[in-house]
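In this document, chain identifiers A, B, C, D, E, F, G and H correspond to the written order of the chains, with residue numbering beginning at 1 in each.
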Amino acid sequence: MFDFIISKYNYWIYIVLMMIGFYGMIGKKNLIKKVIGMNIFQTAIILFFISTAAKRGGTLPIIEHGHGHEMQAIEAASYVNPLPHVLMLTAIVVMVSTLGVALAIVIAIYKRYNTLEEEEILKHKI
Amino acid sequence: MRILALIAVIITGAILIYGTQDMPDWADPQSPASTHVSPRYIEKTLEETATPNAVTSVLADYRGYDTLGETTVIFTAGVCCILILRIRRRHRK
Amino acid sequence: MEVTVLVQATDKAFEILEKARNEARELLYSSAKLTSETKSLAERRQARAFLSGAQQSKLALRNFTIAFFVLFAFWILLSARFDYFHLTLGIICSMLVAYMSHDLLFSNIRLGDVRIKARRFFAAAPWFLGQIFSANLHVAYLALSPKMPVDPQIIRFKTKLESDISWVALANSITLTPGTITVDIREGEFFVHALDRKVAYELSTGQMEDKIAHVLMEADHVYIQDVLDVSRIFGALK
Amino acid sequence: MSVQHMISIPFILGGLFFFIAATVGLLRFPDFFCRLHATGKGDTMAVLLSLVGLSIYEGFSLTSLKIIFIAVFMFLAQPTSTHAISRAALRCGLQPWTREKG
Amino acid sequence: MTRVTDDIIIRAVARILIPFIQLYALYVIMHGHHSPGGGFQGGVIMGASFILYLLTHGLEEAKTRMSEIRAGVFSSFGLLVYSGIGLLCLILGSNYLDYGKLSTVLKVIPAQARSLGILGVEIGVGIAVMAVMFSIFFDISTGGILPEDEEDLGARDG
Amino acid sequence: MSLQSPALAVVIPLICAFLTLLFGWWRKGLCYPTTLVALSLSTLASLDTLRVVITTGTIRYHLGNWDPPWGIEYVVDHLNAFVLAIISCITFVVAVYSKKSVEQELPDKIIFFYTIYLLLVTGLLGIIVTGDMFNLYVFLEIASLAAYALIAIGENGAPLASFRYLIMGTIGACFYLLGVGYLYIATGSLNMADLSQLLPGIYHSKVIIVAFIFFLVGIGLKMALFPLHAWLPDAYTYAPSTVSALIAPTMTKVGAYVMIRIFFTVFKPYFSVELIPVTTILSWIAAFAMIAGSIFAIAQSDLKRMLSYSVVAQIGYIALGIGLANRAGLTGAVLHILNEVFTKGCLFSVAGAIVYKMGIRDIYQFRHLYRKMPFTMGAFVMGAFSMIGIPPTLGFFSKLYLILGSIDARQWVFVAVILISSILNVIYFFKVVETAYFEPRDLATKKEKEILKVYPHNGGGREEIAMDEVPLSMLIPILIMGAGILLLGIFSIKIISTVIQFAIPSGI
Amino acid sequence: MDNFFLLLGMALFTLVLLCLYRGVFGPGVLNRMAGICAIGTKTLVILLLMGFIYNRVEMFIDISMVYAFLNFVGTITAAKYLEIKGEA
Amino acid sequence: MILGFDLILLLFVVICAVAALSVKDLLSAVIILGAYSFFMCLLWAEMGAVDVAFTEASVSAGIGTVLFIAAVSKTQRGSKD
């Protein structure tokens, strides 16, 4: 059991982070807090993906002596898996785009209701 | 409401923990994720794209269409911000 | 030795030219007042162009060239690749950045000054480093000693330095040296937070300011600038 | 372990010492302005020493020059950001702590 | 957020740093092949440099370097570079985004052509991201309200 | 060129989106023509794709010329091509419709509106065409971001509705991404075809089950499946009318398409039907959605809100078809997607037209509308018939297939649910039709007199009401959609025999 | 030497934890900013240390440099906010 | 991956996440979120994902924080939870 927990500890932490972010998204009433929760949530998922890429004894996915003349055989096992990194680069971009749009909408809401608390906005009777 | 959120969060966490049990160990070099598709990227990146950085070659070439989508996403975000916020103020004179 | 002699000489020159400088400054102010009465931005811009006119346009190209070389050196430092492809890229990129922001990097520069400045800077650098080191020991002593003998206070003094770069140098040096950080600058007046009275007293002797003025050629600079400006303004007014 | 490495170690340890001093200062000093003394000065020196040590360890190359460049950059940026924060604090109306007021 | 700071130190330091940050951003874009980085990261840093300029020198002066109209045009232009390279491959008779086909135009081996294609794509991404980052910050920090005497993107009627 | 048409269908709107921004900076009036050209070209490309698929079978298009598990590929089979064609057609028609409405509602934002419009279409088409799990996520985000922004520029509570949609949509997209990650960690592949070959070996792994659950929840959020639909009514109600007419027919249906794709292509029917009983659960949820959505719709007096709840109910129909997981049921689901797209497009366009002409949305103010806008109301009636399922229209056939599917599955409850839901549909649509057509002319109650005072142009009273139809650029698209419902209904057997019967995933 | 760097990194992390105390609990925004600024400088060194442990310093220098740049930008922004709006 | 660093950083990340969500002052929350992003960046650099770390350092920690602060300056700073 202990071994089981130790061998996957990165995943446990990502689950904890994801729960924190998820709670921030649906449990908090302040709109900016929701956006912060969203940020944490998405980062947690990125952490999960990067964790899948990790490889014991692997180094960065940038080929050493890449531009040299000697073309040695490249061992795939000695480099970290690059594919999740690529996916997560895209996901980070999506994250920041969503962040920008969310903040723009928050500002639009604030212009209209002059508050950021969801309950107070609902009192306005939309 | 807050209790409901907490319950939803805990259910999600429980499902995730349930799913994690069957995952390969962390940083296992023999996991399917590291053996099925990805080795080719590392082994062939120099040969096929003349780019030592495997991440760049995958990003812009092997999966270049994703990157086009990614750039479109950010472009969309920029135009969205303009669309939502920007107001043209009339000339006073 | 040489350094102190130079300092004294420049200080002398400074004193001698103080009077002429004040007169020239009054003239400048009055002309600036005249121009500021013209309200519209375009006219003001024109007036500014008139005042700094020919020198500015001549300097733009030189600024660009110098900025280009500095940036290209920076590129080489970053890139560490010497094949033709990357060097060409470097030249293009440096030119691009130099074109975009040459007026940011060097607003007003003379080649002759740079050499002297560099020499003086390297002459003064050990002193600065020593100051910084002692500052850190001071902080470490304060932080680690059980009694923590701090007696903070804010002092203020007026500086005689003029250009913004020398203000920056002074403010950052004050921040890095023992027991003081620059908190605010309002119209040439420095607000400094000092950790105890002793450093506050040391600061008010103005040793730091003199050093900075010397290194950045503020004293000589004022002299040369005055001569140039006065003649130009007189010429313009006549 | 070559001579180069031997020389680099004291630098790095010196950097570590100043880091410790700065952190302790950050925690112990009585008010915000005094804490800024710790971060503004201590960290700058510590970063300088550590980076110089690391660049000595790396040996003479463009890489080590780059490391030195980071140190130079920090020398410019760190006091400036300290100044910016402290100025903001003063503009906010934060009163400095003095021994008389306690 | 868009007013000029009256702090001369921050302004001067920003003035000195901005060209270096910009050159660094270009370096990051161009050296995505050999070290971490690439179009996106470089574009973000470039955008950050303009944001720093906007923060320290105020809106009016920042507009002389990067206005919202230029940002809009640049963002479209960057994406056009990317999709244009893709279309070029398609016109040359291969699939969309197959840079290997560019070797017929560039007169190099296909692997090298792919490398150059990646570079071109990265430049496009960098331009677009730089402009969009500035644009988003511009909109959020001003709340989208443009100054009076400015012409908005598309103020002219057709 | 027809080999390239799947890529062109997506890339042309994308490139034209940038061009729209550039042209708009030059001349504002160029935006609308550019949009039309882009969408018509895209529609042609997608119709060409459909033709190629029908004649030669599945198209596999390798982007960047890399082989599938390594690169991204487009896989266009019958299902894809069919959905691609209908989505691109409807977006084109709505684009034609949009001109006047946008000029009235959003005069300042025309350039950005059309840019985002094209980007939304790009996203939707990209989702449909792709054969790669992660690529789908990227395009899903493009479409979603565009939708958030388009909804946020509406009136009243639009920003808040859009913000809620954003939060819910982000949760959905992230759950989807998490599902992709779980599949990736278990198999190491992202390609749908590759996954469907690798997955059967590890169907009993807990990782796969969790991934499936996350797909279900994530896509359920995106397609507003019943308990997760909370964001939808507000968002569709407050959005500008063109936006409602664009998003309501497309977004949720694309979600439904993704659900079919993942349930039956990525996971084999063996997994989703037999191994875990998720389709059974889905069909029960769908049954609740049908009833609840219709009941909510009855309670509304705002036309757009009523239609929004109707969307929830109709999503229930589609989900029921997916949940039944047999040939007739899936045929019904795919046919109902077609029906939904055209009907909801028509109905929301009519709602937009009424807002454009009269400025009213409350259905109790629709008195004598048929005299003022006979063609528009005719199209509305056609849409309502299709929603209810009156025989020659498309809705009848889709419901028929759903009922057949239920009978096949021996689920008599669902037959009853479909019938009850149809009756509820009759109730809420008849309310509108009654007010607009059959309300006696001189029987204005006190309340209605008040309303007439507020809206004096609503023709009330005894005087003869002149015909006052919307401009042609709005009317023609509405009529096309209205006629489309009828024609497609008449030719539905033909459609099923040429396309849909091949679109049913193998193994069912 | 790797172990030396590892130990050094651990020591720096301990310091970061102490700074994080100021960052999380520090009364008011300003103290938090000071704490997080202090974290920034330490992180920069840690990044370089990681580079030495991986034996690929030249890759990590870039990150460390961008870190330094953007930390500066962030601090200036926050300071400007406080300057305009005041501590409330 | 460097095991010791990994564990410590995961701890930091969780602390920062909790703090960012529980602080009442939005500006503080945003600044702590910046620190969270910095730790994430370190974590990824430590796992060998240099490109992702680079992106995170530039995007989340740089632009993200700046955008958040700009948004807070355009709205209000207090929060009820």
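We adopt the following convention: a contact is a pair of C-beta atoms (placed from the backbone, for glycine too) under 8 Å apart; a residue touches a chain by one contact, two chains touch by 3 or more.
Quantities reported herein were computed from a predicted structural model and do not represent experimental measurements.
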{"item": "Separation of chain D from chain B in steps, with touching chains one step apart", "value": "2"}
{"item": "Interchain contact steps from chain A to chain F (minimum; 1 if touching)", "value": "1"}
{"item": "Selected interface, D-G versus E-H, where C-beta contact pairs are more numerous", "value": "D-G"}
{"item": "Centroid comparison with chain G (C-alpha atoms), farthest chain", "value": "F"}
{"item": "Where chain C and chain D are represented by their mean Cα positions, the distance between them in whole Å", "value": "23"}
{"item": "Between chain C and chain H, centroid-to-centroid distance (C-alpha), Å", "value": "36"}
{"item": "Separation of mean Cα positions, chain H and chain A [Å, integer]", "value": "11"}
{"item": "Chain F residues counted as touching two or more neighbouring chains", "value": "14, 18, 21, 63-64, 134, 138, 141, 145, 148-149, 152, 159, 184-185, 190"}
{"item": "Touching two or more other chains - residue numbers and ranges from chain G", "value": "33, 54, 58-59, 62-63, 65-66, 69-73, 76-84"}
{"item": "Junction residues of chain H - those touching two or more other chains", "value": "1, 48, 50-51, 53-55, 58-59, 62-63, 66-67, 69-74"}
{"item": "Chain E residues touching chain C - in the complex, by the definition given at the top", "value": "7-9, 11-13, 15-16, 18-20, 22-24, 26-27, 30-31, 34, 65"}
{"item": "Interface residues, chain B side, partner chain F - complex", "value": "15-16, 18-24, 31-38, 40-41, 61-66, 68-70, 72-73, 75-77, 79-84, 86-88"}
{"item": "Touching residues (chain side chain G, partner chain E) in the complex", "value": "58-59, 62-63, 65-66, 69-70, 72-73, 76-77, 79-81, 83-84"}
{"item": "Residue numbers on chain F that touch chain A, as the complex places them", "value": "134, 137-138, 141, 145, 148-149, 152, 156-157, 159-163, 166-167, 170-171, 174, 177-178, 181, 184-185, 190, 234, 238"}
{"item": "Residues of chain A touching chain H in the complex", "value": "9-10, 13, 16-17, 20-21, 23-24, 28-30, 32-33, 35-37, 39-40, 43, 46-47, 50-51, 53-56, 58-62, 80, 84-85, 88-89, 92-93, 95-96, 99-100, 103, 106-107, 110, 115-117"}
